[in-house]
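Handing you a structure now.
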């Protein structure tokens, strides 16, 4: 009974916190809401007319939505995988990393689910996928695995931070016994969601571009680079806009992870390029299309040739400790690395898988405005969710939010 | 209804009606059809629920193909927000109190169709029930009748197909026969069959082939090769479907339950033969061109956002006929038959001609063979 | 603690993995399945209904027995002897309407073939084999088979030609002259019956392609 009371007051308090804030905060939230509304409007058009308003076609049947989904699974996974090294290294505030990382994971997962729903042809019959009510083609379909792991992951990542915050809210210390196993589980689960997502593509013998054993590991490596890069950027923002104290050391440790992952990612990229271009076979055509264009069709060239140099540039700069320890440079590197990997894993991975088609036919894909609108809307939704989560969490962590201790939150 | 239902169905006091669908056609006499439960509130709730679900996606599309219920964006948006606000309760007040019987029956059919189970798991009565509803719904909407059947796979039948590369002249009669037979969307010019025009002496180089030619055929120095869904015996498209909306029937046909498909297009990515087509927008067929002899798994009207594909004309083949493409081919390049019958012509072809299949190395075991004279 | 969780996780994953192993089908390939499970079909489906309206005759060619459409009833001016009451040689000089003026022989070349290669000038109701035997007009495939023996083989088996109705037994196949005009048996060049403009737009091809 008492618990519920605490819970109720927590909800009220957090509602209170998230609706109050500085002017900048309000502008930020207002902006996100606007973008979300635009996204919703675009989605309503899509619902009305069907997916024909997107750039997708029978040839390229997955596009921007699934690209973003794939990328964000990586972000969600990486955010939590951070937990592991911080735990092992022991010298950083563990809970801090857990909180921000898992908050980010929750936001990313919500975006993932939103992207999947946006991509569906029949969102009104999505209940067919619910085990028990519908028919769940488990374990044959990798998509069902993905549904399970993503939702499980979402559950873990909501419950752990919730536990920690709930304790802190009451002014109690969170018990390591409870949350450490959860955190460890979520680390393995993170690897799981990413591998399963990779298998989604890897298991298709119809698409030689995806059907290679390196896809899974490369997913992990690029996720390990992009996810923490995003975390660094987020921490930087939190640091400058709130009273939450994040030490340079934390950021530098994370930068280390980013660097190593980016390096591994580059090695794998090299290995992939070698395989495709040293002894090209019929199956290398997708790669040819991606990097050089095929039969005069070259819509992806600008994208990939932006991504690759950015990727290399960021990795090289990060490799030198001197640059890496300069925070300004670090932020810049993280940003371009994030952008590069977003292109590489989204456009650079999903779209060329469909090109050329099974009979060598090429239909190019470029997203339409509506598709872009929905996508940006979903990103705004993610940012919105994260902001709310972070604001509450920070409020609690800073002691501004306490049970029966409501001296109001921010000014 | 049954205790051994394989899926969850929402019971809004319409149960009795469901049982009687076939006989009474429902809703003709209000009282007799509905159950004794508090009638009005059930109706109200269920109107409301329909409204809510319409907001999410107008689930009527399936049988309304030929009707134009275009919603402007504003209404769509309004409905969307309504559905986001969640729920039956919120909108119920906006329902009009007076609904005539037909509307009610329509709504009831829509409701049951929206929440029916997967065709693959239905018993024969349930199959009959759903096709009765679909036919009735078509009648209610257009005033015209269609005949829809739900024949199951026959025993000792396994369908197979053979294509004679040396005979095909590229006339494409098969392509248009297929479109007409199977009620494919005319706006996007969806076609299940592709005829690839290949250059002599280059082998089967699909990437250099042209599957959308328009010149006198057969063109000098070219040969023609048709592709469609090959009804693989080990179909990767079936494996990947998260909801088992597509499956292989006992007679080897790989079919889709259009009402169960959620439109994720995973199967499309998994098919190595370009066998599948997606309804990117609402399919439309002029009323006078609709083929009214339909099968639930075959050429019945689709809705937007679902997958479809060649079914070897299940509505024909399960009646002993040849698929439309086989019948339309002027050159006899297409051979169709029962693989299990040693006396069938297709078996003779497999045994006596030098047959091959496409991408055999993928292990998909297509039941579609090519051969030459 | 940590180790235990780890081990449980692994065990769980393993079990999941095993559950998801596909059961292998009984047969290695579709060919095996066909051969092992196949048996002559005597099921419910037949073409009887579909063939009801066609006049058919049963033939046996090699080891195949099947039905073909009857021909004589389809020829407008049969029986030929109603006009050709005398051998062609004798009718040549006669005044009268030319009946077959529209028939142009476009089959092999004139060194090899003329009308009498197939038609029996003495007995116009019948066709004539290379060895001067009569062939019934209903069984004209025999005439064709003299030269086109490989096509004949394929036709007997079912690899060449079309069925009259459905796939289901009994088998009724079109005979040669149902598709080929015997006087001009080749298929003409013509335009495909349709062109998919959407596809061309989608691929950004020129429409003149």
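Lettered A, B and C in written order, each chain numbered from 1.
One rule holds in what follows: contacts are C-beta pairs under 8 Å (C-beta built on N, C-alpha and C of every residue); 3 or more make two chains touch, one makes a residue touch a chain.
It should be emphasised that the depicted structure is a prediction, and the values quoted were computed from it without experimental measurement.
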item: Chain pair, A-C or B-C, that carries the greater number of C-beta contacts; value: B-C
item: Innermost chain by mean C-alpha position; value: B
item: Centre-to-centre distance between chain B and chain A (centres being mean Cα positions), rounded to whole Å; value: 36
item: Whole-Å separation of chain centres (CA-atom averages), chain A against chain C; value: 59
item: Cα-centroid distance, chain B relative to chain C, in whole angstrom; value: 30
item: Of all residues in chain B, the ones touching two or more other chains; value: 188, 211
item: For chain A, residues contacting two or more additional chains; value: 57, 140, 361
item: Sites on chain C at which at least two other chains make contact; value: 203
item: Touching residues on chain A, where the partner in the complex is chain C; value: 57, 59, 139-140, 177, 180-181, 184-185, 188, 192, 361-364
item: Residue ranges of chain C in contact with chain A within the complex; value: 1-2, 5-6, 9, 13, 16, 19-20, 22, 202-204
item: For the chain C and chain B complex, residues of the former touching the latter; value: 25, 29-31, 33-34, 37-41, 43-47, 49-50, 150-151, 154, 157-163, 165-169, 171, 173-174, 179, 187, 189-200, 203, 205, 209
item: Chain B - residues contacting chain A, complex; value: 7-8, 53, 56-57, 59, 71, 73, 76-77, 80-81, 84, 114, 118, 120-121, 188, 194, 196, 205-209, 211, 227, 236, 239-245, 259-266, 268-274, 276-282, 303-307, 362-364
item: Complex contact set, residues of chain A against chain B; value: 40-41, 43-45, 47-52, 54, 56-58, 61-62, 116, 119-126, 128-129, 132-137, 140-144, 147, 200-201, 203-207, 285, 353-354, 356-361
